[in-house]
Amino acid sequence: MSTYTGVIPPVVTPLTEDGQVDRSSLERLVQYLLDGGVDGLFALGSSGETVFLTDAQRDMALDVIVRTAAGAVPVMAGCIEPATPRVLDRVRAAERLGADATVVTAPFYVIVGPYEIERHLRAVSAASSLPVLAYDIPVCVGRKLPLDMLLRLAAEGVLAGVKDSSGDDVAFRQLRIGLDDQQDAGFSLLTGHELVVDGMLLAGASGSVPGLGNVDPAGYVRLHSYADKQDWAGARTEQERLGRLFRIVDAPDPATTAGATRGVGAFKTALHLLGVIDSPTVSLPMRTFDDAETGRVREQLELAGLDVRR
Amino acid sequence: MSTYTGVIPPVVTPLTEDGQVDRSSLERLVQYLLDGGVDGLFALGSSGETVFLTDAQRDMALDVIVRTAAGAVPVMAGCIEPATPRVLDRVRAAERLGADATVVTAPFYVIVGPYEIERHLRAVSAASSLPVLAYDIPVCVGRKLPLDMLLRLAAEGVLAGVKDSSGDDVAFRQLRIGLDDQQDAGFSLLTGHELVVDGMLLAGASGSVPGLGNVDPAGYVRLHSYADKQDWAGARTEQERLGRLFRIVDAPDPATTAGATRGVGAFKTALHLLGVIDSPTVSLPMRTFDDAETGRVREQLELAGLDVRR
Amino acid sequence: MSTYTGVIPPVVTPLTEDGQVDRSSLERLVQYLLDGGVDGLFALGSSGETVFLTDAQRDMALDVIVRTAAGAVPVMAGCIEPATPRVLDRVRAAERLGADATVVTAPFYVIVGPYEIERHLRAVSAASSLPVLAYDIPVCVGRKLPLDMLLRLAAEGVLAGVKDSSGDDVAFRQLRIGLDDQQDAGFSLLTGHELVVDGMLLAGASGSVPGLGNVDPAGYVRLHSYADKQDWAGARTEQERLGRLFRIVDAPDPATTAGATRGVGAFKTALHLLGVIDSPTVSLPMRTFDDAETGRVREQLELAGLDVRR
Amino acid sequence: MSTYTGVIPPVVTPLTEDGQVDRSSLERLVQYLLDGGVDGLFALGSSGETVFLTDAQRDMALDVIVRTAAGAVPVMAGCIEPATPRVLDRVRAAERLGADATVVTAPFYVIVGPYEIERHLRAVSAASSLPVLAYDIPVCVGRKLPLDMLLRLAAEGVLAGVKDSSGDDVAFRQLRIGLDDQQDAGFSLLTGHELVVDGMLLAGASGSVPGLGNVDPAGYVRLHSYADKQDWAGARTEQERLGRLFRIVDAPDPATTAGATRGVGAFKTALHLLGVIDSPTVSLPMRTFDDAETGRVREQLELAGLDVRR
């Protein structure tokens, strides 16, 4: 059985209006997620604005998440830096601060091929005392993790799992079948796509890492529960409700905002409206939603039946 | 209810060794598919080598498919050319030869944006007496069909459906939800990804257009049948068997062969081994599998329980 | 010495308002180019809307160009189709209609790799009685022609030259040096980028294929003439004037028009304003410039000192 | 007149075998570049392995370069991090350590559009006491800096220049013409492409930032000197010699090494063979060249007439 299963939201990092990590909001958010029934927490992922934060801010955010979770659920820590030496520095921090596992992408900014990617993941794993999950996110790093490499590193125990945000459901299926064929049941196969969790669970995902799970953790917990009971019609219905809720990311005009602003901005705006965090502030060069955009987020939250407080 | 549902394989176009359309092999293939229980036929798609064939060869292939199907199931005809005027020529041929619908991609080779793509689909639909399905295949044309455009063209009746080969399951889900919200039940939402048909049917696909369905039509028919009965565990098991069978595309060394050769080459090699078509010949610049590669295809066919005859 | 040198504009194909090839406008355009002093003509290239035209229209356009040129300069014919068999059909037409050479891209729409590209070019060349130039245009076909392949096919005489529209000036330099090192002086290295002809000639280009050369052939002839005399400051000054003239492509709003419309639309609008062709009509899904856009083209033509007649 | 002109190599960061910054090798390298006659130094760029180094290592490298240059030439410091807050931390370090200017890319890893890129550059410039040059390197960050934005930020004095490693010579020409038209003579337009410096200088570049300039600074100084004297034939000849020398990057098998390893690895191997630095060590996940690869580098150095010492 794989260790990392169920709903594992990528925790957003609440900021004060002057851009500092907002400790009490983050504590409330973690509690909100635990109250929602989540099975794990992914700190310092893309939704956590990890590549915007200084190392000190990252350390504080991870520390707050680990302490607030207090062992109730495992905490995975993103160690997201362009290349091996800097990733290893973040692995050291994750070990020191009590994370249960690390999550590592392919190198980015540097021009690498399959050989360099494999060398990178092997070097990180070899130097780490914690389990390492690979983070497959080509939209951010420019490259898809090769299927044959993932199967090899799973078989050798170099990787403990994959967080798949590649959007490549065909490769996901091939990976699942390949893992089954080599009997790697302990390998965690997590999907990062909050709109297709039902189909990915049907296909054999171990769990999900839904950014939207910050906003509606209980919804994703219900979805997983339906799937566990093989009630796939129920899973689909819950997934479609969450799919409609995801329209909060369409609140800003796409002609003047790109993905980062739309995703993290929407999650934080929603959490602010739900009364979970104090400010919807996002890091530069993203921007905070304006009143009209916030109004559109509120409307979707209400349609989804969430408890809007602001 | 949408008109185009169930299993609709993209029929490969058998060739003689000197590159001519092999009429009798094509007749046998169509009969093999009908015997397998398919619900429709997609002629002159990517798997049908349409962009390799001359117009005369295309006409012959479509004519043979329409005549052999003889009204038992609908025939959709790919009208795949870089830009509007040439697509319209192919629409004329489809009308003349008795196809039931046409399938049209975004422009390719020419550098277009969303406005040009929408103008293209509107112009084709306006000039066509047959229903038009959009073919979303960014890996071939370089652009994904925009979600908002598809919903608009569905609402206005410009398009009768989409064949989605984008591999973007998130957009597929968003399209399904959007169609439901605007009550476009008559719009056909077909998936072209043969490895995730179970998940796509769970998500609300109207049908599938699996290239691998040339090789094992009965398998896809069973998969759909499980889904119709809400037996999702059964659907998944059948899908996984087909997923393993898909490994026939890995028979050639990826360092020396790209996608086209691997896909069409594998399907034709398999159909040859199954005794359905006389020659595994593919068009230049693809190449026919060698003996070792053919051996690996045979092995997978046997593992999948198919009746190898050669 | 390479055979194809100097200014070789990719001739646009004038259309009547109902989308037919406008024979008399095309004759006037060819005469305008010859009067401008060009050294060759490239028929049925991207600027010639070749992928929009039916085979009959292509044949008519090539026929008019060859007859009007009447041997005064060589005529290269684009044979631009997705894959080998259809390209060979176009090669047959080029041979029949009296072209002096053919120009062939990598396959497109079909998913190919380096091996398939090389097999394609070798097959076309082997079956052709005319010299074959490769057309390197990744923005249209999705792949750059590999440097080592080009050098190999040059050395073996498979290719007579390259029309480089890749925008990769580093690869262009490497190709020039490589050709020099293997003493392939007869190989034509043509640049398709109308804004950097001075630098490309300095780097050792044999000639240029400037789309903007339809509008101002005499300007490009002067630019080449400066380069021939090693007057590089003069070449740069002329190039900069032409660079400013190229702003005609910015006449439409980029938010609602993509590359094809902007380029071909601008050239045709300009030629119409200059009195060379009767209509600025472009093929669907492109659109003809509106009055405001046409006004901006007129302004640039006047700034460049051209003789506006309409 | 622009402030940053002439040859400004992106200084590689020599490492000891255990991955620490090798201070004495770096001092020798800076001296080697100054002896070669360079006009400036670009510290902590892509060739400087900046995204591999810890902040402490970056600070040490920049400190050594500034101290060794000792005001003889200006030092530009790369401040290369995925998003604004972390870039600003690096700007603070550059200010503290005595750099003369900073060099900043578009955001990377985060999904941004034109609006976010402009907000990023404006925010960095506003918070910086040093001049800011934009670093246009789509191969690393995934996006090209838009022409209109660059012209706007030049006109407003937000940016002091651009280091163009986009390989888009057409856009380079358009930027040069645009800057001339708005009379921004003080804006530095630097090319990062070591194989086309002659053509870029002809087109009006202010200077070059050639990675290969680490290996043969005197060659690039000669090339610029020819250009300054309008001896373009001389410039081309020198450029071609340097273009052949650049073949050191082809020493490893491209099937098993990607760009980063090939470029930085080749420059460091060459500098080691020339006796300038003590070790050719590169950061993980790159790898050091093996004996056969080193032999091929030696061969090219000898062909180029450089003084091989090892």
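The first chain written gets the first letter, and so on, giving A, B, C and D; residue counts start at 1 in each chain.
Keep in mind that, in the parts below, a residue touches a chain if its C-beta (ideal position, glycine included) is under 8 Å from a C-beta of that chain, and two chains touch if they have at least 3 such contacts.
Please read these numbers as outputs of a predicted model, since none were measured by experiment.
Student: Average the CA atoms of each chain to get its centre, and name the chain whose centre is farthest from that of chain A.
Tutor: That would be chain C.
Student: Same or different interface residues for chain B and chain C, judged by whether over half of the residue numbers are used by both?
Tutor: The interface is built from the same residue numbers on each side, given that over half of them are used by both copies.
Student: Would you mind pulling out the distance in Å between where the CA atoms of chain C average out and where those of chain D do?
Tutor: Taking the mean C-alpha position of each chain, the two centres sit 34 Å apart.
Student: Any idea how many Å lie between the Cα centroids of chain B and chain D?
Tutor: 48
Student: By the touch rule stated above, which residues of chain C touch at least two different other chains?
Tutor: none
Student: Spell out all pairs of chains that touch, sorted by label.
Tutor: Applying the touch criterion to every chain pair yields A-B, A-D, B-C, C-D.
Student: Which of the residues in chain C end up touching chain D in this complex?
Tutor: Those residues of chain C that touch chain D are 167-170, 172-174, 177, 180-181, 193, 195-196, 198-200, 202-204, 230, 232-233, 236, 239-240, 243-244, 246.
Student: Hey, which residues of chain D end up touching chain A in the complex?
Tutor: 19, 46, 51-55, 80-86, 89, 107-113, 115-117, 119-120, 123, 139-142, 256-261, 283-287
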